[in-house]
Amino acid sequence: MMNVRLNGQQHLVDDGATLSDLVSLLKLDRDWIAVEFNQDVIPRARWGEVSLKEGDKIEVVQLVGGG
Amino acid sequence: MMNVRLNGQQHLVDDGATLSDLVSLLKLDRDWIAVEFNQDVIPRARWGEVSLKEGDKIEVVQLVGGG
Amino acid sequence: MMNVRLNGQQHLVDDGATLSDLVSLLKLDRDWIAVEFNQDVIPRARWGEVSLKEGDKIEVVQLVGGG
Amino acid sequence: MMNVRLNGQQHLVDDGATLSDLVSLLKLDRDWIAVEFNQDVIPRARWGEVSLKEGDKIEVVQLVGGG
Amino acid sequence: MMNDQPLKIGDHELKSRLILGTGKYASYEQMQLALERSGTEMVTVAVRRINLDRTSGESLLDYIDLKRYRLLPNTAGCYTVEEAVRTARLARAAGMSDMVKLEVIGDENTLFPDTAGLIEAAKILVKEGFTVLPYTNDDPVIAKRLEDIGCAAVMPLAAPIGSGLGIRNPYNLRIILENAAVPVIVDAGVGTASDASRAMELGCAGVLMNSGIAGAKDPVLMAEAMGLAMAAGRAAYLAGRIPKKLYATASSPLNDLID
Amino acid sequence: MMNDQPLKIGDHELKSRLILGTGKYASYEQMQLALERSGTEMVTVAVRRINLDRTSGESLLDYIDLKRYRLLPNTAGCYTVEEAVRTARLARAAGMSDMVKLEVIGDENTLFPDTAGLIEAAKILVKEGFTVLPYTNDDPVIAKRLEDIGCAAVMPLAAPIGSGLGIRNPYNLRIILENAAVPVIVDAGVGTASDASRAMELGCAGVLMNSGIAGAKDPVLMAEAMGLAMAAGRAAYLAGRIPKKLYATASSPLNDLID
Amino acid sequence: MMNDQPLKIGDHELKSRLILGTGKYASYEQMQLALERSGTEMVTVAVRRINLDRTSGESLLDYIDLKRYRLLPNTAGCYTVEEAVRTARLARAAGMSDMVKLEVIGDENTLFPDTAGLIEAAKILVKEGFTVLPYTNDDPVIAKRLEDIGCAAVMPLAAPIGSGLGIRNPYNLRIILENAAVPVIVDAGVGTASDASRAMELGCAGVLMNSGIAGAKDPVLMAEAMGLAMAAGRAAYLAGRIPKKLYATASSPLNDLID
Amino acid sequence: MMNDQPLKIGDHELKSRLILGTGKYASYEQMQLALERSGTEMVTVAVRRINLDRTSGESLLDYIDLKRYRLLPNTAGCYTVEEAVRTARLARAAGMSDMVKLEVIGDENTLFPDTAGLIEAAKILVKEGFTVLPYTNDDPVIAKRLEDIGCAAVMPLAAPIGSGLGIRNPYNLRIILENAAVPVIVDAGVGTASDASRAMELGCAGVLMNSGIAGAKDPVLMAEAMGLAMAAGRAAYLAGRIPKKLYATASSPLNDLID
């Protein structure tokens, strides 16, 4: 297990997990969310290629109501 | 024949003519016009009862565009 | 003695009293006041000529602050 | 003689002339004018120390009406 | 679409709160299209002598579908009580309507009403059973008096007739509105769509206009604009606008920002 | 109904010139009804972290029919160029739209833009292929610069976000309009229907609003009002209003009066 | 200092164009200071019954130097022609002035005039030799009629008495000014210095005020402000302002810039 | 006369809060009279190349009494940071003043500032010890930034230079005033006396103007008007105006009326 920083909080993930695994674990609807990995946006199609390492910073965002 | 004042102008009519006669002579559409006889409005139904005399003042008006 | 209506209230005055007497009795400064007697304004110079009768209506006014 | 660029125009000055010489030649009132020499402002007190060379850019300005 | 009360003027009910004049159009056809496009249900007409020298040709009323539009005759051009009253009576006789837009004009340059004459004429016509809609200035005292003597509505001007200046004094209009029990209809001065909306947002019951439409470059399109503007302003009034504030309030959430 | 050009923003075309925010409604259902009733075809959305502690429940996008409404993600809440740029990139990744309503906020009380940061962020995003719609102040110099660097529109505020003050400075807006080759869309400050009409009458290409609708007593009815007001103002602009005059011009004929 | 014509009202001439009310001050001393500081030369006073139950104590007139200030009695509080006429006559008898600020009030909430009653009362008083200054609304027709029947000035309100709203309808005021041959004096509604200046810039002959000064936090300082504002506005009117333009014109030279 | 604090700008103190430009007068004599009559204590001047072809003749400074008037050189006509900074340095060298009215112009038609350039130039000049008075737009974010980097005052425009439009957006000005710790001086756009009063009534520390005076029909009289207007507006601000209300409040007593 290792610690990543997910949306500003500490989060434990399995060694070798990818962004895709993370999104699955969180049970998030893959449409309409976006993922930033160490300040780079990762297109949905490449989530499976990005393996997480200790200390990585991940932002998972969605679209909400706003003006 | 006698002179009446019709819409501000002198006008010759037959002796004994009524308002109804006048309107007919002028070939006016009886709907949507109104007649004032010596400053009294005469309802359409009574035009036939009003006989003209020398010097009578008659106004015949219609509805026109306005704001 | 008799009753007059002075500024909307009943007021007792001596028989034969004049407007001038009334103003004196009230100890009013004669400058800058005006007197109305039964709805007529009486010039200052004529106050002595006006004798009061039972039921007369008198208004004595002054100038006050206003806009 | 050499050419300098004075207020945007070519201008001939003696070899070895200083800013002070230039100002004198132009018969300018020394108060209330300012001199820029190759984009540096030169304080009035140092005008005598600055010798001109071919191609130098000089701006001599004054205060005028403005809002 | 919104559920709104009809506008009641005397015994009459109108779904559209826009009243249109029929003067100054380039042609009757243009007028007809403008009326149609605006959605109005009541139009003003003037009363004038028949010109006996002219062959009459077409008449205004050939172009107004009376099943669709109610007529509101006016007394435009009358400068005295007597002229206005006589004109109103003729209008009723001609048009078979008991409604009259009562004008007693006080001055030919401003076309402001002669309010004293207006009140006098209104008294006479109310007594004779007319449904009187007086064109008045924006003076709250006059408006109240007109209501008190039995007028079915009061119609203050927003600005001089044909001026297009819009609502020059919304303060007076607000005072009139707060004190009126009869419909307050802005009459005259509207120049563009937002003027009409603004009148309705203030709480007016309706707007009467003519020059703002007939004088536009494209009168038919402006008529459509005005119809929309009336509906917009009325809906906004009923919907209850947000209060005005000097500072900002965010419309997107303040939390859950990335960092 | 009038024939109008669609509003073109970059490669996108919109028939409705009203852009609506999706924030601050009492419920998603209310928002959905408001969008529908307004006739809008483009809605703004914000980008926010998914809250991992909350069971997600319903999502905004369950209530927005993407066949009907185009998404315009914003960068609301961003106070730096970097935040704004990152947020725009995330929005694109999430929403599959290349459009962004770019906000770089300069102050939390007024929510006025940081115009220098705005220009910097706009440059970056234009280079990355975004269709950038910047929320800006009403400064003509800034507006021109934003256009020059490739923004697809400029969106000056009418008044502070959520203030409802309406168009505080129509003079600046007119100058911006006279000098712009891209659409000028009023963004923020609209409080009621006539404000929207007025923006369109000035010649604006569109209006973006949120609080004016969501904060009204009846948001759904206000949404309808705003949709009507946009159409009214646009039509009035195209129809060409009458000039303003100090004095009156009669709308009824001056001749053929009785005497 | 500028050379200006005095303000002529009937036979009276005034150097200061500011007329001040004397009501609502915290004390006579405060009023006295305010009058002094304002530079006024004419003050309004009201006519009221002497209260016979109160020991009279000090009187207003102990605090008004009649060599310095002319008295302008008013008929404030009168709601009928008869009351106003009787009050004016009493005022003349009391004050030995033939001037009267004529008020016939139409409504207690707005204190707007009853213009029909005003005209009637003015006719009576003009015939009796009064110099009549009528407090009226901003209706050009009423203003003209008051002038025609012999009033020495017309005094339209800027806004309701005591409201401080300033000049609500400069358009009407302009029309009144363009058509008046007697002095037009704004009476009522002025709230702050710039309101007074603006009235004078429009071309008014003077301004009459009371609440704007007496109700200020520091009435004596506000009186000074108003005196200055009147002089400022009058001078600006006489000096002839620059025209308004949408775009800029440089005030510094465009040539001889460094490069 | 009122006791007021002097206006402090950096180390400088001014009794008069009016700053006058010296451009565009018909003659130096006229300018001199205007300065005198206005009561100003600080005048702006521009920096321009000496024209070597012209015999110099009289100079502006022959007509400005430097014991009476402080000089405030401007950087008018500068479109880049570099030009503005060089011009400011030259001004200091010529005028022996450390003050500068900093202008970095963004567009020749509006003469609106290039605010990004303005901030950059201000930073440089503050570091070099200048007392910087920046001419800026009315954006509260820019105003705050200018203050934060050490400007001695902020000088937002009321309207475009020379436009005479007056205070176009008092809302922005109020926000700037509420958040500023340095003097806020309205610079540009003032057209007549009441505009100047209004700026001061909002709480501004001063007003800078040129075209409004030099372009008037009678500049010397307008200068006097502006001096009076500044004093009037300042006094009204300090005196505390009455609140605005929709309805009336009587200024004469309500009791003791005759009946």
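Order of writing sets the labels: A, B, C, D, E, F, G and H. Residues in every chain begin at 1.
Going forward, contacts are C-beta pairs under 8 Å (C-beta built on N, C-alpha and C of every residue); 3 or more make two chains touch, one makes a residue touch a chain.
Keep in mind that what you see is a predicted model, and the values were worked out from it rather than measured.
Asks: Moving only from a chain to one it touches, give the least number of moves from chain B to chain C.
Replies: Each step joins two touching chains, and the minimum needed here is 3.
Asks: When you check each chain against chain D and chain F, which touch both of them?
Replies: Common neighbours, chain D/chain F: G, H.
Asks: Starting from the mean Cα coordinates of chain A and chain C, work out the distance between those two points in Å.
Replies: Each chain's C-alpha centroid was found; their separation is 98 Å.
Asks: Could you state the distance in Å from the CA-based centre of chain A to that of chain E?
Replies: Taking the average C-alpha coordinate of chain A and of chain E, the gap between them is 63 Å.
Asks: Where the CA atoms of chain C average out and where those of chain G average out, how many Å apart are those spots?
Replies: That pair's centroid distance is 32 Å.
Asks: Report, in whole Å, the distance between the mean C-alpha point of chain B and the mean C-alpha point of chain G.
Replies: Their C-alpha centroids are separated by 55 Å.
Asks: Where in chain D do residues touch two or more other chains at once?
Replies: 8, 36, 59, 61, 64-67
Asks: At least two other chains touched by the same residue of chain E: list those residues.
Replies: Expected reply: 21, 23-24, 46-49, 51, 74, 76, 86, 90, 109-110, 112, 161, 165, 171, 175, 210-211, 214, 246-247, 250-253, 256, 258-259.
Asks: Once the touch criterion is applied, which pairs of chains come out as touching?
Replies: A-E, A-F, B-E, B-F, C-G, C-H, D-G, D-H, E-F, E-G, E-H, F-G, F-H, G-H
Asks: Which chain F residues qualify as touching chain E in the complex?
Replies: Against chain E, chain F makes touches at 1-2, 21, 23-24, 46-49, 51, 74, 76-78, 83, 86-87, 90, 109-112, 160-165, 191-198, 201, 210-212, 214-219, 221-222, 224-226, 228-229, 231-236, 238-259.
Asks: What does chain D use to touch chain H in their complex?
Replies: Touch residues, chain D against chain H: 6-9, 11, 26, 28-29, 31-36, 39, 41-44, 59-67.
Asks: Could you please specify the touching residues of chain H with respect to chain D in the complex?
Replies: Of all residues in chain H, those touching chain D are 21-25, 31, 44-52, 56, 59-61, 71, 73-74, 76, 86, 89-95, 161, 208-211, 214.
Asks: Going by the contact rule at the top, pick out the chain G residues touching chain F in the complex.
Replies: 171, 174-175, 246-247
Asks: Quick one: which bits of chain E touch chain G in the complex? Just the residue numbers, please.
Replies: 106-107, 109-110, 112-116, 119, 137, 139-142, 144-145, 159, 165, 168-169, 171-172, 175, 179
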